[in-house]
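What follows are several structures.
Two complexes are shown next, each including subunit A; its partner changes from subunit B in the first to subunit C in the second.
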Partner chain A sequence: MGDEANEQRVNINFYKTLKTMVSIKRLQEDGIDFIMVVGEIDASSSIELDLTIAKSVGEGHFKILIDCSALEYISSAGLGVFMSYIEECKDRDIKMVLFGMNEKVANTFSILGLNELLEIAKDKVEAKQMVNGI
Partner chain B sequence: MVYKYKVGCSIENLKGVRDFIRTSLKEHGVSEIDISEIVLAMDEMCSNLMIHAHHCNPDDLFELHIDVEKNNPLVFEIIDDGTVFDINQFSEPTLDNIIHEKRKGGLGIRLVKSIMDKIEYQKQTDKSICRLIKNVHFT
Partner chain C sequence: MQSQSYHRLAFFGLNSSMRSKAIIRLLFAVSAITWLSLALTDISIVLSSVSNIKTDIPVWLPGIILNLFIVTLFYYYKLKIERDEVLSFVDLLWKVFATGLVATVISLVLRLVENLLGNTSLPRNAAYQDFVYLINLGLMVSFLIMTFTVWKRLILYQKSKWLLRIWAVFEVGLLLSLIYNSLKLPLVDGVFWTLFIAFIILGLILSGNLKWVAYLNFKQKWTSLLLLLLTIFYLLYIVWTNSSSVQMVSELIPNASKDFTDYRIHVFILSLIVFVGIYSVFSFLVILFNLPTTSVFEQKLEEVVNFQRISQSIQTEQSEESVYNILLETSVSTVFADAGWLEITGDNPNIFAYRISDKEAHDIVHHLNANHVKGILDQGSDKTKNLSKHLASLKGSRYRSILAFPIYVKGVNIGTLALLKELPDSFTKEMTKIVSTFANQAGISIENFRLMEEALQNERYKEELKIAKTVQKSLLPQLLEKDNDFDITAFSESADAVGGDYYDTLRINDHLVSIIIADVSGKGTTAAFHMSQMKGIFHSLAQQDIDPSEFMKQANQALVYCLERGSFISATFFVINTQTKKVKYARAGHCPVLYYHAEKKSIDYFKDKGIALGMVRNKGYSNFIQTNEFEYRRGDVMVLYTDGITEAKDKKNEEFGYEKLLEVIREVTEASPKEMQDHLIKRLYEFSETENINDDYTTMIVKFK
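So, the complex of A and B:
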């Protein structure tokens, strides 16, 4: 077993020099605040998602669409961010809808049944209908 | 085939951990969806260990081993210097609690337990081993 070991070692400092693994953009369109999440969300990058949603909610947006079409990965840290806004959205009558997830990301939400607790749409058209209550 | 990877306890290294696991499993005909679930579970295990047992000290190192034998369960080992973060000892919060208390943690352990088939800990004199077993279909 040991002889065949294919050993790979990481240069610890290497990954620190990489740019952040997620980039989040916001734009407002038809009274809706769009949040586009590009890249990977894990324990080190979930704070950016949290700050962006907090900002949107803080500015008083009550229609928030999260575009997940370029979201490549999400771990529990990111799932936890979405979960932590469920109550506030309900209390303040904010509609938050996620849309455009790829198959793997959608599977991550469904492992624990979070797809039942969050509002998730297939695409932008469906998401806009949901957020506008159509 | 055994794959090994040594990593420092900075959460910025989690991407490297995920790339290592994905690359190692891809060569062996493990399905994409199995790989993505395993990558997620191991990310959760490593981030828990880095944050809760090592307080994100990048100088603390641990080792990951992946043992892949065709048509056998996959074996993942997290080998640490003796610090143990035993998820079997943790009672994870309910989803209701997570929503009402606006907790952002607690989902990771649930994910690992849902994805992996077996999680066991072994304590040796100078190290501790967390072994995670996953049955997959090889193509």
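So, the complex of A and C:
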């Protein structure tokens, strides 16, 4: 029942985010939870990002890959979302890797120093290796 | 037309009402005088006729006076009754009844007097009999015209163009018949009967208009029946009295056919008697036959009123609760339910019960669920359902019929309305329809209510933002530290939503000055709140000569306990030593410093490491922060800024960016800090092509001397 409600909420969020220039999709592949972020993440759309990651973590995924190749912009609120999962991931031994971000977005991460706290990979292959601990 | 006349009425308000009152009194006086003169002339003619004396009074005069009497009375009642807007149907019938009563009582008194006089010669006196007859005639005419005027109002209650035309023909025809009558044309049977029959036919056609009956409620119908019955009785009695009276007079007078006023040849009076009689009987019968269906009509009317109540409740009620109460109340009363409840789910679950305990309601819900009655009283129910058959198996409950409705607000089911009856299968389709309309309307009302609440909340939020903005402004320093070794200038402008940009300076001693620039993530009051914390931290830690990375470590430690999840502060902290001409600084995730080397004429961003405050919430933070040091020369420029500048967007959604910032500063490296700042701001506005900035612009420019 609770899961159903969650699913519904995610679906609703998905449609809502279309309006705010962001869509977040999820799919599972080889025991890895892929989260694709397309568009811009600002203060309002960061809530959806937060919900999606929270759901993934809540479902008990230990390998989470976040595809940022279509992420065009991220505000401090969006960075705050990633930041807020750093400790939880460490505590619960969850591997969360971001990959494919463009130069501008990567710069935003590095200015704040988040590149030192988060696992960031160049591309999907590297990210998969990192998440599988190779 | 009508609105115009209303307008005039309103305009002359008092004046016209006073004038019409005066006219009514005058008309009454005139009618009294005409009756008196009618009596005088007629009696004197009768007297002379009996005594066989020729009189000077022409025999046609009383007839004309009678017609004058009729006309004045006609206008008297017209003014008195037609203009009175407040009279209800029953009031009108009551007036007719009262007039009839007065007329009958007077007539009865006359009869009593005659009986008392008994064998005296007076009752056999033609003049006395004529006098009695004329009184009765006056009473009858008054009663008839009065009733005629009232019937006119009732007939024209819901008027159409045709109805008005027929009525006009009828009324004008009747008045014209008075002229015909006054002329005392040789009585041609043909004309008389033609007119009489024409009036009867018109009267019959008009009597078909009884729409007002439908608007009487049950009690009013009974009252009307009684009043009409008595009116018919009075009419019969008065007509009978008059006919016997006229009979008696005509027997006493030798030349009866032309020497006194005989109403039997008066078309107007006869037509009126027939018309008034017909309409009274029609009304009586129609009301009588309408009695059984009255409750249905009343119920429909009540439904409309209830519907209005629900739809208007949003304007008058102060809470959602009252909308729920009205919904339950009106639904219960509309379908005559024995009990009912309204269960609201969601954030504030609540149950509104009517004549049923919560426990009993829960029992019923439980019973239905236990019987696997799908989609009832639960959130998945999207249709109105008549669930009567499922209740039959519930023991210990009196209720045998149940009707359930979901209530939707913006497509979300927020609750269920359930109505109960003790009799099995007692909810009809109509009831289902009307209550489902109520439920829908209540949903709309709740939605409107919430929208209004939201608007209010927004208003409050805006107010809060205003306060936050004032607080934020007041946190920024009015004056910056001055020094012989450098010039410093700062600029900060925030968007509508309050940001959390902060800068400040503090003198440690005569050769040490600390500077900070910070950016709190998030916006609004929380940002302003964190900014004030940052100011507190800066002012306490930067009092003494502190190593910048140590400053950041302590600041991080202090902030960990007050920054909520996902919030952080980026900052760069500098300590300028004018003695050694060295600057120590630590950058905690803030935008890199843009530095101009005057000697090398080069401009570049500092490359160093450091993560924002609040991102690492344990002692491990010291691993992520470092103190950097550089030596400054005369003419060097240090440009500090927040990401609002680099992230400023143009119309094509392109960012201002680090490259452009560097180029813009390069153009004015020789200028004073204030000029550089103005140049940068100007370029920024040119770039964004709008006066409305979408973020906070903050810069701080330090130029060394």
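Basically, the second predicted complex is superposed on the first by the 116 of 134 C-alpha atoms of A that agree within 3 Å, B and C clash if a C-alpha of one lies under 4 Å from a C-alpha of the other, contacts with A are read in each partner's own complex, and residues count from 1 in each chain.
Everything below uses one rule, namely that a contact is a pair of C-beta atoms (placed from the backbone, for glycine too) under 8 Å apart; a residue touches a chain by one contact, two chains touch by 3 or more.
These numbers were taken from a predicted model, which means no experiment stands behind them.
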Which of subunit B and subunit C A:44 touches, first, second, both or neither: first
Dominant contact partner of subunit A by residue count, subunit C or subunit B: B
Partner chain in contact with A:84 - subunit B first, subunit C second, else both or neither: both
First, second, both or neither for A:76, with subunit B first and subunit C second: both
Contacts of A:112 with subunit B and subunit C, given as first, second, both or neither: both
Footprint overlap on subunit A, comparing subunit B with subunit C: 43, 50, 76-77, 79-81, 83-84, 86-87, 104, 107, 111-114, 117
Sites on subunit C touched by subunit A in the complex: 519, 521-523, 565-568, 570, 588-592, 609-612, 615-617, 624, 643, 655, 658
Subunit A to subunit B touching residues, read off their complex: 1-2, 4-10, 12, 14-16, 18, 21, 40, 42-44, 46, 50, 73, 75-77, 79-81, 83-84, 86-88, 103-104, 107-108, 111-114, 117
Subunit A partner contacts - residues on subunit B that touch it in the complex: 1-8, 10-16, 18, 20, 32-33, 36-37, 39-40, 43-44, 47, 50-51, 58, 61, 67, 95, 98-100, 102-108, 110-111, 114-115
Of all residues in subunit A, those that touch subunit C in their complex: 43, 50, 76-77, 79-81, 83-84, 86-87, 104, 107, 111-114, 116-117
